[in-house]
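Working notes, beginning with the structure itself.
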């Protein structure tokens, strides 16, 4: 009835191992992090989530650092402890400095504040924005 | 008992006008948007919010476009309609292209999805992230 | 497939009318507001919600104005437009002044900001608070 | 100033014991779980919450397993760690299999993603849905 | 700077049309709803979201009605107006009766209430759930 | 890549020390709590947050206890564990009794419940509230 256990590579099915292998190659890491080891309990969700994430986080109109910082801003706003820890690490790896982290937090905090001021004051959308 | 009305410049106190003037000068706009005209019902909150926003959104370790996109990601995640409209406009003005907007939304959506997968699977933080 | 319609008194069952009557008497109003007219589609939820609300919002260790302001703070934080409108009206009726509204919004906004700063900086609970 | 302690049966008032007894009988358990032992600090909230939960979670148009899975989906979306743990256990007890859990998480995650895509793209409601 | 417009079939690229066609065939509808017409501004997100949704919402360990109700519960909890409207319609189409809708709302509301009671009372997870 | 460490007074810059000193004097405490020791990694955010909080939480149209309870209601609703712990302590210090805490939680829980009932039933705003 309790917690699930992580699915380690040695115990994983061929389908799960294929995803793990692709993550390890794509990210150049020795092992996948816990997120994937828990999703592995549902191989379809594991595969779909990895394929989606790989497509979304690839360099494009936005660079990987900007994408990681956006991911961290959302995770911070939502209060997901694991996600904050893992995406802080990922953003650091992608080049986020202490100063950038500080400004990212400041913007995230301020957005949460003004979102509520807007709600409470019931501010109508300006025609210029609509 | 109903909605407040916006505080227009012509009807504003000297204290409120001073903030409006600073916003107009700083942003090079002819009039302030509704957010400020509603906050003006509480001049202290008007002034404090403007001073904070001016400090936080100034160019620093992160450029203004990145800051606007983070603001938009958080507002989108929180579902604040006014904030989404106004910060989409602000991000566009700062240089956000259609392609950047698309990727910003994709990352914001994906972060919201994986935040919940992490919650539900009760994923423990990897020692490497802690 | 579309929206529900409000259940008006004239069309309501005896069970629903009994709740409407109690709301009207308790609040000294001529008609119930839309919230109740929609909940009336599920008479058990109508009755249970009214009984709970009547018990919770009654004067106790906290006075009705304080309770209405807490209700408004939470509704503002959650971005529920109807709830913000109806509980602003209720708080005004219970004595909330413009100045109190302004401070309520300021606290609500600030709490939302610092909640996220705490999340992002991963601040551990001080032993004194635990 | 710190945490509350759980109210154990031996130390509980008659009013609290009556609720504990009803929970134990209704659920056929030897002891109530922590949620109730903390709510017991406010006997009115303890009783009201239990009476509401008993009414809402009883078999009706929806079966108990479906109700537990909805409860778990909402708790996962909100990130309430205790609620995720307790309602995962309750859903398992009501018959949720590993495959059902996997699909429940997949739907919960996807709903959170598309909710934000809708917000950010500012999608207007189709007339057919309104 | 304002809102996007929906991408109608007549104006869509071949890539977008292919997704629209698959949605129309899979759902047996004459036209796609607005959600897809707005996502079409980012064809990769359009395709990825549709492929994910098709996989997740297919009958499996959970039937389509249960999945739609979970989607609606999460969307209701998050306050996404469009999503509530469209998934209420989808759940109705899949067989949700008025009584089922009423119970779904009751569970969703109650989960949101007890999630917060748990937070505020700082309830520790029972060993049996962990 | 991991967690930040708290910035202790002995290791703090003059700018940070000045804020710490003001907090200690204003609150008559021997040391600042962890929130400030983590924000100190970004001295501008430290100073701005403290100045804002000092202005917002000062006695005004609302007394300090009411403000602390609103802060706690919002933090509870948002599920910020640190904030719940620290503002419970602050509210207790400002005079919150056990009975007041119980009612505060009851209102916070109920508001979260009815916010979602309103969302799901799509209740339109009564003209009287608009």
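Each chain carries a letter (A, B, C, D, E and F) given by its place in the written order, and its residues are counted from 1.
We adopt the following convention: a contact is a pair of C-beta atoms (placed from the backbone, for glycine too) under 8 Å apart; a residue touches a chain by one contact, two chains touch by 3 or more.
The structure displayed is predicted, hence computed values, not measured ones.
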Give me the chains shared as neighbours by subunit D and subunit E.
-> A, B, C, F
Subunit C and subunit B - chains in contact with each = A, D, E, F
Classification of the subunit C:subunit D interface as same or different, half of numbers criterion | same
Centroid-based (C-alpha) most distant chain relative to subunit E | F
Find the chain most remote from subunit A, comparing centres computed as mean CA coordinates.
-> C
At what distance in angstrom does the C-alpha mean of subunit F lie from that of subunit C?
-> 21
Just curious, how far off is subunit D from subunit A if you go by their C-alpha centres, in Å?
-> 27
For subunit A, residues contacting two or more additional chains = 1-3, 41, 44-45, 48-49, 52, 56, 77-81, 85, 88-89, 99, 102-106, 108-110, 112-115, 117, 119, 121-122, 128-130
Graph class of chain-chain contacts, one of line, ring, star, complete, other = complete
Subunit A contacts subunit E in the complex at 1-3, 44, 48, 52, 55-56, 128-130
What does subunit D use to touch subunit B in their complex?
-> 72, 76-77, 79, 81, 84-85, 104-105, 108-110, 112-117, 119-122
Contact set on subunit D toward subunit F in their complex = 1-2, 41-42, 44-45, 48-49, 78-80
Touching residues (chain side subunit F, partner subunit C) in the complex = 3-4, 33-35, 38-39, 41, 45, 49, 52-53, 56-57, 60-62, 66-67, 69-71, 73-75, 77-78, 80-83, 85-89, 97, 99-100, 102-104, 106-108, 110-115, 117-119, 121-126, 128-130
Touching residues on subunit D, where the partner in the complex is subunit A | 79, 85, 88-89, 92-93, 98-99, 101-103, 105-106, 109
